[in-house]
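First chain written, first letter: the chains are A, B, C and D, and each begins at residue 1.
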């Protein structure tokens, strides 16, 4: 990789005020400003510290099991007839998603900052179980917040996190309410480290999570060069707020020939259907009532992509045409789950099913040497009961 | 004394009624909180009142109407709209400031809008042009460096947070409040009002003795309203509570 | 690695009759002999075929996610006070255990042999879900057999296998009954490929499974040399029949200084408490009634290690003192699960909990430069409900 | 005609009674199956009878006792013990052969003991020394090469399996049986008996016409016993069934 600065490079973090174009920033209470400033300084310091980065790399390898491999989904490719479909197998990471890469990075950062306790929110419970596992590994007490709607859907993550030693607070609602509540708790306990699960909220969180997850795209570059001798034509990922997608495509932002496609749940597609607003600590696109007092959007099977906002960086990149956005419906998620299980012997969760749905659509009819890489960011265990209930009979 | 009300809670008329009685009882500045789902700085008491209003589709527009009615009732009382950036941004900002000026309110206070936020700058500039105040908050965690920066944009009065945390969650530490007021004084000649954690008239008295120029009572009032929501004499009773607070100052 | 033949090397397969010392052999009906002979020839041919081995390596890497990392369990090491404890993280493999390495190898072998259908048995359901996933990946119909006792315990594996397209037959009993039934089905359908899940049954199955799983030890050698500059002092693994343990230690069989310890479930410890017999297609040690007409042994929480027999190769190696044997009780399994979750942020299943129990005992008081590597061959998802029921309150 | 009985099923006495009646009805050779949990070659009918015996702790010893009683009843009938290596190995082998000789049985047939198994060699050698037979099976899948090897160790008679599979699961394909018998004939002069899938006297008749020297009926008899287990006249009825089979041969 070239180390030269590219003029107008898109491979950059937020500007000095924490913005990406007109999105991002810090919309937080005065009582959190010191924490955010401290965090920003600590983050910028840490990523210049080779020892810290080596430590991150060490645990990525040994604890999480990175690099996650890329995988040529040969049967799906044949079935669809067109582009070569590759999965970036993030579901093979410890705890079953891309999430632990972020929790590992931030828990190490929290330790480096001398923090003694961790607080976090979660939607699908993947972030919660990853965070609790990481906190256990580094002997940090942790306290999590989830909405009761999500808790019902992802029982296994909740139990595992409990076994790791995490204490969970359940609040009425879903991810939005969990974030709001967690931020409140952080306000009350500014000595905590707030461990956010995605590329959202106030600066510098978006940069921190993006930094950690960018390892996905870096691995992809190496792996594709090794296996195919070239890079993919398209990179596709699902998004709740956008961490796995951002992590997958950030590495390639200055390579405009590589298409980057983000897929949201149809019911909560902030990037596609949202309007600009200021909530949840940031300026970005939201599904919101006209007056900004309420969030909108329905419920998706993919609890991890059921969020009414989107990463401000993605809102910006979408505005300037650096990425494309699409959506997937519940019906498509179920259908894609089935296809992947039966044809590739891989049980993915609902979130990556959204991304793979789009990949299948786009692969169709494309030339045989066209490569699409889609990030398979979660495994099915957490969704298994729901799938059995909804389409169990389809498999008899 | 500064009192925080959730605007239009429990309804436009009742809210107006009890604000009138509060003014009669000696409130100097009314904070009119406009509801939002976010309310990330609010504790469960105030959040519940917000939710009540949201269910009835109370909007920032209604809050401005309420401000007008309060102004119509009393020419001198301070009127400050308090809430979150979300609603103001969507109003949008310029129209919000125009409407604020047209109802003769004094300014606004936005919980989640630090001066680092560009949209805050936009709002503040617009308010300044109309000679309205953007009330800024100072927290115990606010650094000296930051306080210095803030001092250049203080306007109207300064809201001194008695603790870092959400409303209604703890009680204030008097020594800490005292030293905070002192610290802020070094940077401004504007009135400094102290808020958060003032639950009883006795609390208010103690806080008043820390050297601040005013005390802000919020959760205690909203809590009383919530608990007596069906009481026919609610406005009078709220008035009595305010009287009791004022007496102790 | 030296390519020279070592005199009296233990790193060998069975002898020409399929025996390891006095164990092993072929105790099968005449109607299966042709299949077994064919299989042996096909196996011996395949492992000389570089293309076949490359294919195996390719899918190991991209589909399974091998190599599984080694992981220094620092917190447990500190807590115990003594030897450095390492986990070989086989639970990070696709489908969550060491099993897919074997199913991958054999499904590729079945394809190479031109077989059109697969049949298999399973205990913990790990082999079943791994086998069904592999069969799906290679578009082979598959038919599995499990005992009803096990089916109740490992619901998730059953559902996943169904989603991959596997058809399951449930028979009264546990793994023993499943094997017996599967063998019968194979007798009825000699055109099937019988995909065995562990180092048991008639020759050449023990050799085939050992061959596939030996990749574990080969990876360990490289990984330890890279990370520690030396090999571990002890290698520990649990055993149902013994595939993960055999795969872990086979590479080191000619290095007698490296201790090899196999851990069985206390209730079904064939190696420790069994007597020599001939059942299930092989001569080995079993927990059996004196007259050989019935199996003995209780029930263990670790359904994958609840088997009343043991790999004939391990019976032999134990007789000649090349390996040691130990056992772990249900109480220990639960306690070890808790310890590992809370201290390392890793949710292991009951089977590796047996091995880790032994590792903790042995680490205590050992010098700080003594290294114990224990194979963590399964993740907790399949056992989560049982754990919640038994010790859920311990985590509140 | 060769008949397979699960030894001591449903009990020692009843089992002996119905074997006696069967001999009277024309059975030439009795196969006495000794029970084991394994029974990997048996279908559900025979397996069920095995399980019944196992629950009552019937052992290989009991089967040998039964053989003795059968021999006491009839000097000429062939008596072959049939089962799995497990029980014989644990007996152990040498004692088993000695006991077999001492009750004047003719030999044994072990389902899961190919000649590749060293323990089979041990057993076979011991039987040979006592002039007892080790009956070997030939399956449709047995290759020519293998048959050649087997031919050198055939003893007593040859059990020709009519299909590859477990007992009681399918019906035999007559053409296939015919060509199998022919093939085996090339390698041996011993009698060849054909078994598996013979359910009715008509089946037996057809199989008998394939050129074999005897037919083996198993599941059909055990099934009848299972279904009429409480019938007081069970031995007579079994005898009648056998008669019917014999009549058709």
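Some observations on this one:
Here is the rule we go by: a residue touches a chain if its C-beta (ideal position, glycine included) is under 8 Å from a C-beta of that chain, and two chains touch if they have at least 3 such contacts.
Computed from a prediction, not measured in an experiment: that's the story for all the values here.
With every chain reduced to the mean of its CA atoms, the largest distance from subunit B is reached by D.
Rounded to whole angstrom, the centroid-to-centroid distance between subunit A and subunit B, based on C-alpha atoms, equals 37 Å. Centre to centre, using the average C-alpha position, subunit B and subunit C are separated by 67 Å. Centre-to-centre, using mean CA coordinates, subunit B is 97 Å away from subunit D. Looking at subunit B, no residue sits in touch with two or more other chains.
Not a single residue in subunit C touches at least two other chains. With chains as nodes and touching pairs as edges, the resulting graph is an open line. Taken in their complex, subunit A has these residues touching subunit C: 61-63, 65, 68-72, 75, 89, 92-94, 132-137, 139, 156, 159-160, 162-165, 337-338, 341-347, 380-381, 384, 387-388, 392, 395-396.
Across the complex, subunit B meets subunit A through its residues 35-41, 43, 54, 59-61, 84-91, 111-114, 116-119, 136-143, 146, 161, 164-166, 169-170. Interface of subunit A with subunit B (complex): residues 17-19, 25-35, 37, 176, 180, 183-184, 187-190, 275-281, 283, 288, 290-295.
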